[in-house]
Amino acid sequence: MKLSELATLTGARIETDAPDIEILGAAGLDDATNGQVTFLANPRYTPRVSATLASAIYVAEDAQIEKNIPVLRARDPYLAYTRALRLFHPEPEQEPFIHPTAVIDTTAQISQGVSIGACVVIGRNVEIAEGVVIYANVTVYDAVKIGRGSVIHSGVAIRERSIIGERVVVHNNVVIGCDGFGYAKDEARHWLKIPQAGRVVIEDDVEIGAGTTIDRASVGESRVAGHLTIGDDVVLTAKSATSHDVQPGKIISGIPAFDNRDWLRATAAFRRLGEMQRTVRELERRLKELDSAAEKES
Amino acid sequence: MKLSELATLTGARIETDAPDIEILGAAGLDDATNGQVTFLANPRYTPRVSATLASAIYVAEDAQIEKNIPVLRARDPYLAYTRALRLFHPEPEQEPFIHPTAVIDTTAQISQGVSIGACVVIGRNVEIAEGVVIYANVTVYDAVKIGRGSVIHSGVAIRERSIIGERVVVHNNVVIGCDGFGYAKDEARHWLKIPQAGRVVIEDDVEIGAGTTIDRASVGESRVAGHLTIGDDVVLTAKSATSHDVQPGKIISGIPAFDNRDWLRATAAFRRLGEMQRTVRELERRLKELDSAAEKES
Amino acid sequence: MKLSELATLTGARIETDAPDIEILGAAGLDDATNGQVTFLANPRYTPRVSATLASAIYVAEDAQIEKNIPVLRARDPYLAYTRALRLFHPEPEQEPFIHPTAVIDTTAQISQGVSIGACVVIGRNVEIAEGVVIYANVTVYDAVKIGRGSVIHSGVAIRERSIIGERVVVHNNVVIGCDGFGYAKDEARHWLKIPQAGRVVIEDDVEIGAGTTIDRASVGESRVAGHLTIGDDVVLTAKSATSHDVQPGKIISGIPAFDNRDWLRATAAFRRLGEMQRTVRELERRLKELDSAAEKES
């Protein structure tokens, strides 16, 4: 792809007298080689620009670049570079195809242009919209709806009545819509399970990381099981779990999941939790000493 | 269902002169509409009773209700209400059925009234008792036993020699009886795996949340791998893990799992762990200042 | 097996005048019965030796044993005992066998002596080396390579281009090579996914616990997605997750995973995190009191 064409497709402004050079790929400052485009977003990495082997570089509007290298100016060079990566690594197209070993209930409605892998099992009254891709060994329970362009990876379970929006990506071994937590103790002190009449609703453009579980809403005293909703553009990172609504645009992590940035901080602190526990005990001890010294004085 | 009939079936005492009104469902105070029964368990919600649209209400024996609404008295109104929910939302019955794509070893013993979904794979010498339901894409290893009335959801793996009791519910993508952790370091500093000769035993009425793993017992110095036992009426919430025995009646959570109430407290604190770490450092710093101030004085 | 033979096979030196007694199994000090060998590694358990019913015992070179019992001396009695366990509990041999319900792309290369279970799905250009065992309901995406003697348990997903070394054991429902985390925010404040061109490389003799996920490398500013590598002899315990390289020989745990010993300490502290939070608040309060008392004095 010509540099000038790349600039147009990624929303960047070109600053070079060689707009026709060929760009074949994209890579980070240290990894890029001849023929590749790179980027500088964090000023901290500016010193590395001089050593890059890249043939062009995305930089911010106001960045000063001393190296003699074709420059692509963008308001957000990281975003422009991401667009370049997406051009050079397009998602593989799945041929529409229903594998003969897939087991699809006769009441299911499967639209045109759908790809369904081997050993996929699809229940009663399921609706699969156009362009959906379902990889092997997925189980779709009764009355599920999957919106157009969504991708369901292998080993996923989608429980009864769940609704999946459009362009949702569900990674491997995710469980959507399983029973949330809710029990009452009966007279014999056995747990009596509270039925969960609700469903999970995943809105559009959501991505759900591998091994994540999304329960139906758990039952509280002031409400009964209703719809648990994951808003548009939400990302749940791998191996997280939620049994609550998630607001649009959030990235959440953990079991139970909360804001990804807080989670990153919490998990960093967690690694040293044994140490922190010792420190707290030591602080307690020293404060007790201070207290008793103060008592003696008075 | 007539209100009087509902009262009898849920163990409540009726207080109304209209025992024949029809009740069609159950919902929380705020959500309930005409024709539904609701409940009041926590006195905190008493003010909401006046606004409910429900046609009847479960309350405690000593609760004062000023609203003019048919009342169902129960020792535990939450339990009575749970029973009502179960009446209005019965578990779907599975027809006994063995899907032709299920792969069942000829040595397996499958009782009457069993339902086995598509692409289920069942190993040698497995015993499946009456009324068991196994959803699609489950793998049952050799010599497993599953007790009557248990339900195994899709994507579950039950490893060799595991024993599952009666009325156990195993949610999607659970792993039961995988190898626990146990290694010795050999002379070349490679890990030498300790064989795990034990098995997992799940007793009756246990519920295992989606994505949970139950290892075989790990090996300690004073014992070798024996039977890991999950007692009657235990609940493991979603995405938990255990490699230890669990006492009957416990609800446990986490990786590794412990008492659910402690876990709820710990996960609430975990969200603010980054903050707590900063606080502890600040406390350390201030205590050091106090110490050196005290030193100067003396 | 004769005691003398067991000694030779486990690298121990025999100290008895009855080298021909038959040993039929191995068990811990308290569990061992007549005909079994046991071991003493931790001196703390020395008092239990007098009561063991075992017919022989592994002990350290310098251990003093007063009981009249045939002794097997070893530099590391725990290691020698592990070897005995492995002799008495050999891994079950899988017959080479490809189940007729397995769905194997015609471009895949399957070596001799491979065992592939029911409903396994294998993609394009996959290479499976000699002696590999793949249990039921596994999904292997395109262009994956699996090295000789590796074992893949049921429900595993191995994503495109992953490379698995030799003698690797992958337990149930593991996900290898799924997309790591990487997004840029576009002008409309939608998440734009950064394509992940890399792959996961698992080296030799690695063991991956059930329900674990290994992402492809996430993308940082100074590098693009390259190869995420799990080194030789690594153990990931059950339900852990990593999106970073792991050095050879490490045992790691957690989400995200770190050193297993630190993780054991951190999870022990985690159980009391609610309590620790209260302690820290109390320390803060008392320190504030001390500060204001000091202020009044001055």
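Chains here go by letter, A, B and C, matching the order in which they are written, and residues are numbered from 1 within each.
Everything that follows uses one rule, which is that contacts are C-beta pairs under 8 Å (C-beta built on N, C-alpha and C of every residue); 3 or more make two chains touch, one makes a residue touch a chain.
Worth saying up front: this structure is predicted, and the values here are computed from it rather than measured.
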| item | value |
| --- | --- |
| Angle of rotation relating chain B to chain C [CA atoms, steps of 5 degrees] | 120 |
| Classification of the chain A:chain B interface as same or different, half of numbers criterion | different |
| Distance from chain B to chain A - Cα centre to Cα centre, in angstrom | 27 |
| Where chain C touches two or more other chains, by residue | 101, 119, 137, 155, 173, 211, 239, 254-255, 270, 272-273, 276, 280, 283, 287, 290 |
| Touching residues (chain side chain A, partner chain B) in the complex | 101, 103, 119, 121, 137-139, 141, 155, 157, 159, 173, 175, 178-179, 181, 183-187, 189-195, 197, 211, 213, 215, 220-224, 226, 239, 241, 243, 254-256, 258, 262, 265-266, 268-270, 272-273, 276, 279-280, 283, 286-287, 290, 293 |
| Residue ranges of chain A in contact with chain C within the complex | 26-31, 41-42, 45, 48, 76, 78-79, 82-83, 85-86, 88-91, 99, 101, 117-119, 135-137, 153-155, 171-173, 205, 207, 209-211, 233, 235, 237-239, 249, 251, 254-255, 267, 270-274, 276-277, 280, 283-284, 287, 290-291, 294 |
